[in-house]
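Take a look at the structures below.
You will see two complexes here that share chain A, one where it goes with chain B and one where it goes with chain C.
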Partner chain A sequence: MTTTLGDAGTTPTRATGPGLPQGIGKLTRGWTLFMAVTLAASLFGVYAFFYQQANGEIVTGMRDVGTMRGAPWGLYIAFLVYFVGVSFAGITIAALIRLFNLERLRPLARMAELLTVVSLVLGTLAILADLGQPVRGVINLFRYARPQSPFFGTFTLVIAGYLFASVVYLYLGSRRDAAIMAKESTRLQGLHRFVAAGYKDTAAERGRHETATFWLALAIVPMLVVAHSTLGFVFGLQIGRPGWFSALQAPAFVVLAGVSGIGLLIVLAAVVRRACGEQESLDEYVFSWLGRLLAVLTITYLYFVVTEVLTATYGGGGRENDVTDAMLSGRYAWIFWGSMALFGASLVGLLIQILTKRWSIGALVAIGLAVNLAAVGKRFLIVVPSQTDGMLLPYETGSYSPTWVEYGVVIGLIAMGAAAIGIFMKLIPIVELPEEADTRVT
Partner chain B sequence: MSRKAISLTMLLVGIVLVIVSYFFLSAPWGADSVKNSNPRMQFAPALLVLGVIMAFSSAVVYELLPDRGDSTPEDSDE
Partner chain C sequence: MTKYQMIVDLDRCQGCRACMEACKIENNTTEGTFWMYVFRLEEGVYPDAKLSFLPRPCQHCEDAPCVKVCPVGARFKRDDGLTLTDYERCIGCRYCELACPYGVNYFNWEKPEDRTYGDWSDPDLEPITGGLNPPWSNPALAEPQGPEQRMTAGGGHHKGVMEKCTFCVHRVDRGEVPACVETCPVEALRFGDVDDEGSPISRYIREHDHFRLLDDLGTKPSVVYVGGQPPSDEAHEIELVKARVER
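Moving on, here comes the complex of A and B:
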């Protein structure tokens, strides 16, 4: 799909077909059905959330540790960690593409940025769902929070700074395409003009854009490593919680974030390729690059898991062993071994494609989904077993089972994210429009 | 004031806000007593967030603000 603008002052021309490129503004039957399903699921999530607000957190499976023999951090926190993890890969890929001029991967940049923004918003909503008093929580965070705390780092660096930086990055990158779209007299012209904000694609504007995005990318890359490590420190610095207290938490968080994010990016790229007819720009090279990166990250993460489990089983103390036993052979074993099987099968699938140099986008999508399912399982295992089985005080072992309210909120969040991406795809090109020799917007 | 100067000012003010709110207005380093856990100024964390937002907003200003002091031939020929 190519879109060109005529010279300054002339009517724009389009190389292929009538209407805006990438199906923008076109409400197809498939898209409408997709939106109906995701919006229905989102409404269910909203209902579950307000049901919880009206009745209190007693309607969830979360309980205090110790006397109530439960876990105060459950599915919401597991998905907060998962969503923030997904955001990592998106903005990393986008920043690396700009920093190192990876031209052939440029079609991935915007969808990667979008994935980051959407997943960070979902992470924010997940943490709000976890709070009994969300409004009070937000106000007191800005009023009293202690910046030295990893919790504060998670909320400010991750959610405020990182989300804001990603929104700026996404917006500035979208202006040129919005300006091209605004040349067309469509129902979306007003929106495109607003987003373009006077962009004319002059050499000076391009230069400024290159400078701004380069420095933004340079600022974002170290910030996102700090942000994700901080989230790992929330768990890794808790001395009194066997299973969490570990120097490997922060790096393992970053690597698993990469695994889940790249996996989801593969899925999104495949959907965009098919839905927007972007077979040329999102070619085999793009998918093979993502596949190779995913293989390296999966191997690294499995190495971390082996190291962690080996250390805990070899030298762990009494309660440390309880957590490990619960994970390896107790009631969480099916999640642990299920996740490991998914990681293992995905790695085998990737290695076969790397060695044979034959890439299947369908297989990569299946692998992307599998590693995400495994990542959700691992996030759950990071959060929950240490609370139910890792007490240093002489309490009995606890338990945690999410209720329909928690499942409803999480399903609603995922659906909201999918709907947001679906809506974006109908408003702004999700794949950057190709560079043309003379595309000045007038 | 040129666009570049405004952007740089925003960036610097943002960074200064982050540093001041983190080191001088928030809760001090050290956890030896309960009194150390409160910020020296309420809403200091909000200032830190504001600083981060201002620093990144400078990129938007740099791209969007029309040129006044340092316009280039490419701009003017439009």
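Moving on, here comes the complex of A and C:
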């Protein structure tokens, strides 16, 4: 290395004093506490998972449909769908920023990509938790994969293709920042050198990366629509399950994925803003942009819900109606109307901010959490009522209530995701280092 | 080519559920698992109540939704019309169970020894049962079956895999009829090759009005119902079996 970047004035430190930017490598009290809590919860999830492996899925609340009057898919599949949904927003935003040169939103890109990668990994783990034979699942899905199964799309497009593309995308961006930081001699220098992998941030290299990420972004956008649709097809193509068989499943999946993902991205951005001292880069404009996008997606999703409910209730009849009844006025009504109330309240909150042009980050965070809670509720309603109330032969109505094992695994997964993001934040800048940082003689 | 189908004569069925018992004994199924199930249905209100019975084996659909969705090809169709589960390949995702509109699939929620009828480990049973196979296992069925030599017969009640009615593949391959058909005291169940125009089952179908369950879904079931009608939306079950397995 001939030129060092650490020369006075050009060090990319912002609001964090000397050393690495954004508090990287510094173990604060809050962060340690956060990690302790999330790792403890993760360990509990791991325990619940192995408890289930040892005893069989009898320890969950799931049972067979039909004579056993249960639901063979429960919380795990609902959260698989939710996690994959969350992944949508991240890479979409990152790709849009790249494709349309939304410079002011650039600080969002890295954390958006990270959210995608983490939630896709969580989705994969949720599938493994659901399988009766997880080890055999990993082997046989490679050995005997059948493209005719709607699950094929979930395994190939979503998990393999989409996750791989997102990891590459995240890495290409991180490489430059790692190269910049590797010039500081810190405990993390080795890691940063490793991540940079010989990258020196010359004009030629930068150009190559720009081209690569542009084409990758262009490839990812259609891929994510297809990938999220395949997850909708897992349900939407099933003729034997009232409430599932619908052409609207796939598009509604994509839109609700956007709602939950943008909601969570708002929350993450607010956390990063506070924790990494990024008040300048993650300004009101960034949040208002996300807020407006969330409003549009929420309106679109509510439109889908109205269409679906109207179609189901206007005509319908027989056992098809049982599912809708259970959802609108039966045992699941509190989840349905609770979710709708959360969506409605969030939308009102967003519209007020759009009309008054006064944005409150606190309110946006509350809205982000609310739409995610509502999204979990809706995912549950897509998966469960069609099993317990949707039998076409005259079986008795079933029931499903999750056990501590299922709650434990799901909470463990969420905690694992949070911990992964927490660790990443301490190693690589979660907000791209600003342009002035790479003023160097070329 | 051979095409096996089953006839269920609803005019003859008296709802005795002997077929369910025969299936359990033949295939060693665990508690709460009913590969063969007989609905006892009631419609209307006393004094205008109508009682009917509806035996429900796996329908062995020609266009089986469970086969389509299986991500690893553990659920497959044989050329002779049988729909079978390779329990050594099954990964336990339970997608087949949800794709099936008839509710015939049963998942092994726990080890069979934890879910057997009675307490097999009771020391008082030792002198009587010593040396015998436990009730959930049958070495004869835990062997590869048929020309494709896959683990499909009812010998494998392994934790974490799917199972269902096999049309007693091990008996059919020996030229016998399924256990439920063999047992039915009133010949309400019949089994045979419909590809052979002259077979008794082909003649029986030709000569009687018949229907197939949920025919409008396009699954083309291999179980043909003769006499009676498909269950109406008002039909509800009476005399439920103890089926919900709790821990």
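Following the convention adopted for this analysis, the second predicted complex is superposed on the first by the 421 of 442 C-alpha atoms of A that agree within 3 Å, B and C clash if a C-alpha of one lies under 4 Å from a C-alpha of the other, contacts with A are read in each partner's own complex, and residues count from 1 in each chain.
In this text, a residue touches a chain if its C-beta (ideal position, glycine included) is under 8 Å from a C-beta of that chain, and two chains touch if they have at least 3 such contacts.
Computed from a prediction, not measured in an experiment: that's the story for all the values here.
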item: Chain B versus chain C as contact partner of A:Ala197, first or second or both or neither; value: first
item: Touching partner for A:Ile58 - first (chain B), second (chain C), both, neither; value: second
item: Partner chain in contact with A:Leu172 - chain B first, chain C second, else both or neither; value: first
item: Chain B versus chain C as contact partner of A:Tyr395, first or second or both or neither; value: second
item: Which of chain B and chain C A:Gly362 touches, first, second, both or neither; value: neither
item: Which of chain B and chain C A:Gly240 touches, first, second, both or neither; value: second
item: Greater residue coverage of chain A in the superposed arrangement, chain B or chain C; value: C
item: Which superposed partner A:Gly132 touches (first chain B, second chain C, both, neither); value: second
item: First, second, both or neither for A:Ala145, with chain B first and chain C second; value: both
item: Interface residues of chain A shared between complexes with chain B and chain C; value: 141, 143-146, 148, 152
item: Interfacial residue positions of chain C with respect to chain A in the complex; value: 32, 34, 37, 39, 41, 54, 56, 65, 68-74, 89-95, 97-111, 114-115, 159-162, 213-214, 217-219, 231, 233, 235-237, 240-241, 243-245, 247
item: Contact set on chain A toward chain C in their complex; value: 55-59, 62-70, 72-73, 127, 130-134, 136-137, 140-141, 143-146, 148-152, 155, 234, 238-241, 318-319, 387, 391-396
item: Residues of chain B touching chain A in the complex; value: 21-22, 26-27, 29, 37-39, 42-46, 48-49, 52-53, 56-57, 59-60, 62-64, 66-67, 72, 74-75, 77-78
item: Residue ranges of chain A in contact with chain B within the complex; value: 8, 141-148, 152, 156-157, 160-161, 164-165, 168, 171-172, 175, 197-198, 200, 202-205, 208-209, 211-213, 215-216, 219, 440, 442
